[in-house]
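Have a look at this one before I ask anything.
Every chain is named by a letter (A, B, C and D) in the order it is written, and numbering of its residues begins at 1.
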Amino acid sequence: MVFAKKTLPLIVCFVMGTLVAIQYYVPHRLSQSFIEELSHWEIIIAAFAFFLGLVSVMQVHIGKLRRRPPGWGFSLFLFAGIIIGVATGFISRGKQISETGAMTPFGWMYNNMLNPLQGTMFCLLGFYIVSAAYRAFKVRSKEAAVLLMVAVLFIFARVPLGQYLWESVWGSTLPWQLHQIVEWIMNTPAKAAGRGILIGVSLGAVATSVKIIAGIERQYMGGKD
Amino acid sequence: MNDFTMVLGAWVATGLTLCIFSFLYEDNPLFKMAEHLYIGVTIGYSLTSLIFNSMGPNIYEPLKAGRLLPILPTLLGLGFLTRFFPKWSWLSRISFAFVMGYSSGLTIPTAIVSQFLKQLEGTVYPLLTRKQGLLDFSLPALGHDFTVLVLVVGLLSVLIYFFFSVEHKGPVKAASKVGIYFIMVYLGAAFGTTVMGRFSLLYGRLFDLYTYRGAKYHYATPVLLVLVVLFLVVYDAKYKKPADAA
Amino acid sequence: MKRFLEGLANVDRRILFLLVVVVILVPIMHPLALPGLKVTDSVRGVYDQIEKLPPRSTIAISFDFDPASKPELYPMALAVTRHAFKKDLKVIGMNLWITGTGLADEILTAAAAEHGKRYGEDYVFLGWQPSPIAVITGVFTDIYKIFSKDQKGNDTRALPVMKGFRSFQQLDYFVELGAGSPGLPHWVQYGADKFKIKMGGGCTAVSEPGYRPYYPVQITGLIPAMKGAAEYESLIGKPDKAYAGLDAISLGHFLILLALAMCNLIPVLTRFTK
Amino acid sequence: MKASTLFSITMAALLLAPPAARAAAAKPAGKAAPTAAAKPAPAASALSAVQGLAADDMPYDAGSEVLISWKAMPYDAPAVKYTVHLSSISRDGPWAQGAVFPSDTKYRADIDLPFWAWKKTKDRHAVALNLETAFGVDDEVGKKRLRGSVIYAKVVASDGTSEAASPAVSALATSDWFSLPKLNNFVFTLLFCCIVLWFISNARKKDLFMRRIPGLDAVEDAIGRATEMGRPIYFLTGRLDIDSISTIASSLILGEIAKRIAQYDTQLKVPHTYAMTMAVCQEITKQAYSEAGRPDAYREDINFFITEDQFAYTAAVNGMMVREKPAACFYMGYYYAESLLLTEVGASVGAIQIAGSDAEHQLPFFFITCDYTLIGEELYAAGAYLSRDPVLVGTLRGQDTGKAFVMLAIFAGVILATCGVLFGFEHGVQTFLEVFKSY
């Protein structure tokens, strides 16, 4: 039993990891279909994990309906949302556009509820980016000064009005145009830093993956027994 | 799609948009309602997509057609659910092990290619230029050489900054300091370029609201806007303690 | 003065938010046509090709985007379609993104109405069919195999606008306006490159760097996002949504610059007044 | 090119890879009669058919491409075009057009493969043609049919006025078992894995040094502050599922922070966007509380699921923040656009915010709005820093060794390339640098 509880998962992980990693170097058609099939499996397996989340949500909100803490009524809207999503989805059999090209109730729900909600939350960023700039973009050190200067230059250069103003101030006295300067920064110092970050990240990713495959990193398996 | 569903859609979309926007003013019941509805709808949406677009074509249809292979991943997937039964919950480890092994195996070679070798090959260039057999010291050529130098110095100093097993003092400290400046340039550039996209989105959203103001949509935007503002005024007057103000 | 500065430093965020709304909303209500927009060669590359076509030439436009990318692609789609109708060209519309079918139809109908064009005689909307690569290969070999019926259910072959037309190989120009995959790379690889027709493209800001290498060999021009669309609008002399959008975004950028300046100036000034 | 040969032999021997010989210069097809002109030559300037035409399986692929090659011809010039025709039916067609190009382009040297797998010469033209693209096949049936069929190819040279077609040659596209061009990748991967494992196995023997990470020194302050104020602490694991490295690193940090929080009676809240991550984090938190000697303080609802949708999750967390006013927020892991939405609201309720992310595009927002930000790899190092676990510190040592190797390679590469320009052996250097390219 100890074998099944402790060793078997480690073997599964090791075999899977090694096979998938080696697959990358094998161009053969069999290896292609192997990885296609596995990625299929992954999708199926991951799909079931969603039910863990569903149960967690239900526990929280059914608990609220039972105990009725302040604001419990809003949980009703959550259930209403689930019902709307599921009901329109089942009526339309998961399709947003029917075979005749007409919009289904599911499609209507997506376009008029989900899409505006997503879009609106996303576009709040337009507000927060201004408030962050006003509140937090203070030059406290030399490093922050560099950050600010580059940011200002880029903001200026991204819009035609900025380029227009730049040219009307500097005219053709400068050997480079604004967009050339910005491009150079983007492709040289910024790229160098980006690469440094990426190389570090990739080494970290490989190191962690090796530990998982080798069974050294096994926190995902949880605690004792 | 007929007119009624179109107009209803405009009203619902506008209403929800304004409810979310009201959060910018303060946390209030309208936002709370939209927030909970939003979470619910996304869960319902995920569930439906899961059943019709994932489990249907990946499990049900192959099984119906007599292909039995999907049973294995299905069992592994069901393994997750054993977490609810403490006696059997160790079974979920096998499912986790499969997922972790698969993704780790996928990560190793691709991280080496796309982040390691690809970054490396774009950095190793000569620091000198040769043109028609002679070393080129013209201004553009020197400019190019300088660019290569900055690229190399930048990358090396940033890598030094990320050294964890060496104490940052003396020359290492100086080099890592240079590295930080390069990182700051990167962050500034990333900030400056992102602004554009954020305002495009906001523009798109406000444009939709503006479109829904017309008679074609039965004045959805102005009517709902007035209602939301009225609600906020009443809510503030009635429930908000003076201490909360400002 | 000092109190004013302190007040300014701790200003309620909601006032900033209100400023943002004003800055974005004003150009929507009234395009300002702020100066500084320069027409780039890659946008002109699409415009010139359409401009030099004789009347009654045939062009096709594929509208491969969905409502999510509407702010970026809708304005250029409208501008290009308007340009084609203004030049009295025959227009074949289609799309590879099922979720964008309604939008594409809307654009064609609106632009046609402005120029008094009639469905079936001056333009046609073929609609959507599954399996994009097969569709692309199909329209370049035998269009009626893929689209035997148009979006409205008419027999495509019987429409006057399609008379004598067999495949996209006969096109005088092709424009692909796409937000992702399937999109520009597919049309280039499986269509224009293979069958040697001239094509132009339009894309989102995110995909622009990726598509740049196609220009100018494989595509005659590329219209990048809202900025490209605004350039196109200025070329056809009809500043519209893209122009308004660009104004709004320009003002937004300057609002951020102002915020940054205030953030750093206020503490300095406060110390100064002390 | 002695060094390169030596290199390729060593690498190949190391791996017992299939012989590189198959990649050597394409053998001319026996059947083709190279001199036979298809049409009677009309004028003096007329073209002759190409010579030495050969069709082969393209090496190192899944059997989806054929390699067509022929000798460079004396008339190669921009005005003369080659058209390669393919047929899957017979040597007399019907033909599908595979490629058209000016006759002074596309030599063997233009195919982008490394020196240990491909001989780059200019004496032969060579094009690799994808069969599915050439025949416009999109469906499974068609693809399957293509796989088994013999492919016939012919090349037509034309200069606008006259053209000359070669006789057809044939090949069968086959699948290969090892991608020799990826050999360098394979060797690097193996080497790096060994280094990491070696450092881990040696880590337990002695105490390894680790540099300071300022952001992490603030963790204790943040927890202390939350305890004083009696407000909760939020910990977010990012927008990727547990199978991503960022989230794994984040969960390690969660474990360490949970250990510290468990010692006080402070509330920890970990809202999740993925159920798998939630399940793993539940185990980790439970473990942390019991290791801290406070299993009684652990509650199952520390970790809870909200929804998978990016912005619905953000809306919910924003709402919670405004209502519960956390004293400290930790954002560890990979984030997308929601980063600024979270941190601005967090800042507005006065929380101490500590972020750590390898999402380089979101770093500026964290950096501006948070009190401390761990950049890139520092996120992976954080777990090691907080726990001082020998395995984690050893891993970090391995990563540092990898970085040292990269730095050395770049430094040496740049010097070598510069010397190449100085002393005129650029070509040799370029060839050598293929070792660091991805294929």
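Here is the rule we use: a residue touches a chain if its C-beta (ideal position, glycine included) is under 8 Å from a C-beta of that chain, and two chains touch if they have at least 3 such contacts.
Worth saying up front: this structure is predicted, and the values here are computed from it rather than measured.
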Steps needed, at fewest, to go from chain A to chain D via touching chains: 1
Chain pair with more C-beta contacts, A-B versus B-D: A-B
Longest centre-to-centre distance from chain B, chain (CA-based): C
Between chain B and chain D, centroid-to-centroid distance (C-alpha), Å: 20
Centre distance in Å when chain A and chain B are each reduced to the mean of their C-alpha atoms: 4
Whole-Å gap separating chain A and chain C, where each centre is the average of the chain's CA atoms: 27
Where chain C and chain D are represented by their mean Cα positions, the distance between them in whole Å: 32
Per-residue multi-chain contacts in chain D, two or more chains: 182, 185-186, 189, 192-193, 242, 245, 275-276, 279-280, 306-309, 311-312, 315, 360, 364-365, 367-368, 375-377, 399, 403, 406
Where chain A touches two or more other chains, by residue: 21, 24-25, 46, 49-52, 54, 57, 103, 111, 114-115, 117, 119, 121-122, 124-127, 129, 131, 133, 135-137, 147-148, 151-152, 155, 158-159, 194, 197-201, 203, 205-206, 208-210, 212, 220-222
Multi-chain contact residues (two or more partners), chain C: 13, 17, 20, 24, 102, 249, 252-253, 256
Partner chain D, residues of chain B touching it in the complex: 20, 23, 27, 31-32, 34-35, 38-39, 41-43, 45-46, 80, 83, 92, 96, 99-100, 102-104, 107-109, 112-114, 116-118, 120-121, 123-130, 135, 148, 152, 155-156, 159-160, 162-168, 183, 186-188, 190-191, 194
Chain B residues within the chain C interface of the complex: 1, 24-25, 195-197, 199-204, 206-207, 210, 246
Residue numbers on chain C that touch chain B, as the complex places them: 12, 14, 17, 20-21, 24-25, 28-29, 70-72, 102, 205-206, 225-226, 241, 245, 248-249, 252-253, 256
Partner chain A, residues of chain C touching it in the complex: 11, 13, 16-17, 19-20, 24, 34-38, 67-68, 98-99, 101-102, 127-128, 151, 227, 246, 249-250, 252-257, 259-260, 262-264, 267
Complex contact set, residues of chain D against chain B: 182, 184-186, 188-189, 192-193, 208-212, 242-245, 275-276, 279-280, 306-309, 311-313, 315-316, 318-319, 322-323, 360-361, 363-365, 367-368, 375-378, 381, 384, 396-397, 399-400, 403, 406-407, 409-411, 413-414, 417-418, 420-422, 424, 426, 429, 433, 436-438
